[in-house]
Amino acid sequence: MAAAIEFRQVNKWFGKLHVLVDVTLGVAPGEVVVVCGPSGSGKSTLIRCVNALERIQSGEIVVLGDSITSPRMNLTRLRTQVGMVFQSFNLFPHMTALENIMLAPMKVRNAPREDAEKTARALLLRVGIPDKAGNYPANLSGGQQQRVAIARALAMQPKIMLFDEPTSALDPEMINEVLEVMTDLAKSGMTMMVVTHEMGFARRVAHRVIFMDGGQVIEEADPETFFASPKSDRSRQFLSKILSH
Amino acid sequence: MSYQFKWSVLWSGQSGYWLLQGLITTLELSALAWLLAVALGILSGALRTVPFRPLRAAATFYVEFFRNVPLLVWMFFWYFGVPPLLPRGVQDWLFDHGAEFWAGMFALGVYHGARMSEVIRSGIQSIPRTQFEASVAMGLSVWQAYRLVILPIALRLIVPPITNESLNLLKNSSVALTISVAELTFQTRQIETYTARAIEALTAGTLIYLVLCVSIAWVMSSLERRYAIPGLIARVGGAG
Amino acid sequence: MKRGFVVLQVLALLLSPLGPVFAQSQTLDKIKESGVLTIGTRTGSPPFAYINKNNEWVGFSIDLVELLVIPSISKEVGKPIKLTKKESTPPTRIPLLNSNSVDLIAGTMTDTPERRQSVDFSLTFFLTGAQFLVKKGSPIHGINDIAGKRIATQQGSTNAKIIREKVPNAQLREFPDQPAAFQALLQGQVDAYTNDGIQLYGLKAKAPNPTDWEVVGDFFSEEPYGMAMRKGDAKFKQTVDAGLKQGFESGKYFEIYDKWFGPKGELPYPMSPQVKAYLLKQIGK
């Protein structure tokens, strides 16, 4: 089967900083890949390339069969097929939870309001907060906000979901409610790339763990192998730091 | 001698009518110029933040060019500088149909548009960049992201500085008297000419400006409360 | 700005609880004490008061003060007096007087009954009248031809008032500054500019092609220029008038007139016999 996401010899610079170095990588449909690594390793940049929030300087990225680095690529089509959840939730503060979820279907797909609302309510039910439809983001807890953000990304019925440190901004007691939603999503067969430090989640849910440092993919392995016997010094160092907490 | 106030000059003769005419002209001039300024301000303020360099450059040029030249000069520019570019017949028609007013309106609107642009730009830039990313990541175009997300938030944030700028615009409308627009300050001077009662006339003008400014500030703060984002700006507004 | 300055003056007056209490010759006392006569005058009204090419603030009105009024005041207070000039404009000049910022307005101010309610005027030191400056060949030859026409005036002048009363359907365009009004005439924003004849001659001389322009019409108003003083200070007025009277009698006034308006003057404007008679009639001749 063709890969859902493919990086071929990808290089990216921020000015003189080489943030992605010859990255070659594939993600299969339905696969859940956790990307980890120290801060500044390029892991967020990596997944932000998938929906073209970042542009690359060389190499090629193919998403769902389309080269997204070609000048002819359809940005809107790409982004409706790839949902993204951010560290800082990024709900729109002037809209209710429901309106946040309805916005893209109505404005990008021109879905009728009733349909969009029906879908939105179903998604709120799916993420476990059907009663918060009318709440504004400021009146939701962090965990609730992030669950609305996941529902919002799902509203476009994407084939791929990107998570950029989705629990890093949360209070510890709210992390699990978000991880549960992500776990359910993974079980439903969604293709996911998740940047996270939640090693428990990686162990339980991920099919594969990718360890990055200095813009390079240092190590790829199934979670079992990665956590039991990391091959490189850098991944061992990283794991010892992160697991001792 | 000590100055003998004679407030009756304000309602005897034609003074009351002149003040009213002046007030109406000031309001018409300011309201039209305000609409123009807000439209230009939103457009150029937003363009200064978009991810396309030529548009940013054009907006920056507009802002720096227009806000860094005194308003008085712009009044003369629109009144004396622009008409000669038109055919003679058009000029004559304009001069017979309130060219002063329209020149004043453009001068005021374009000048304050450049100033409002900066207010709006800073409002937009105070919104985390990730809001924009979240918008486009779900498939909205840049235009939709600005229209549906960035501007609605930014416009709420900038109500206080926009109020301030609107008051400046109202007060600056008096500069139009230099190109013979018979607005409020012009009319207070007129009363002074006819009655030699400068202090009474200026006091009347001052009070009218004061009432106008306080009313505008009140309307704007009502708007601010009315459109406050729940949980965000209501706290800042105090009354919410 | 000037307008801001006026507002300050207004505030100063409103804030002083009782206003200044003037003794009978308070102005003279003030001048005696400070040794300075402060006048308010124009900066752009040649040849009465203006900044010349050498950046000097000079003019006919200023000369009259320096050569006729100051000697009279010096004599009165018994010591030499220096002259200080401040800029005044039609809207600012009365507030400047009343706030004691200046003691005498000597520029191009017309003596009118309305203004006499607020200030006192000296003897008339110059007589002109309102006329029109138009492009040569204009259909406007006087006040009877201006119905429906666009007429520029200087705001604060009495001309606008007269036109408004006599020809209500003329389209008045009132400018606070003469240069703007004149520019409007040059460019065709207006069909004519009305002001005192003497000022129009001055403008015509400054136009890019003076021969393209002409001053037309009979005086539709008489504009006697006087020096204005705070109201009620009779002693000071007497002293100023005495200086002018002395000038008329000795002929010194006419020498000064000739310096500015004579054939070699800044603006040739020969004095008509009627005007001369009008001026001398004031001193009983």
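Letters are used for the chains, namely A, B and C, taken in the order the chains are written, and counting of residues starts over at 1 for each.
To be clear about the criterion, a contact is a pair of C-beta atoms (placed from the backbone, for glycine too) under 8 Å apart; a residue touches a chain by one contact, two chains touch by 3 or more.
These numbers come from a predicted model, not from an experiment.
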{"item": "Farthest chain (mean CA position) relative to chain A", "value": "C"}
{"item": "Most centrally placed chain - per-chain CA mean versus overall CA mean", "value": "B"}
{"item": "Distance from the mean Cα position of chain C to that of chain B, given in whole angstrom", "value": "37"}
{"item": "Chain centre separation (chain A, chain C; CA means) in Å", "value": "80"}
{"item": "Centre-of-Cα separation between chain B and chain A, whole angstrom", "value": "45"}
{"item": "Residues of chain C defined as touching chain B within the complex", "value": "3, 6-7, 10, 13-14, 18-22, 90-91, 94-95, 98, 112, 114-115, 117-119, 150, 152, 155-158, 160-161, 171, 173-177, 180-181, 183-184, 187-190, 230-233"}
{"item": "Contacting residues of chain A [partner chain B, same complex]", "value": "51, 53, 76, 79-80, 82-84, 86, 88, 90-94, 103-104, 107-108, 136-139, 149, 152-153, 155-156"}
{"item": "Chain C-touching residues of chain B, taken from the complex the two chains share", "value": "1-3, 76, 79-80, 83-84, 88, 91-92, 95-96, 99-100, 174, 177-180, 182, 185-186, 189-190, 192-199, 202-203, 206"}
{"item": "Contact set on chain B toward chain A in their complex", "value": "128, 130-131, 133-141, 144, 148-149, 152-153, 156, 229-232"}
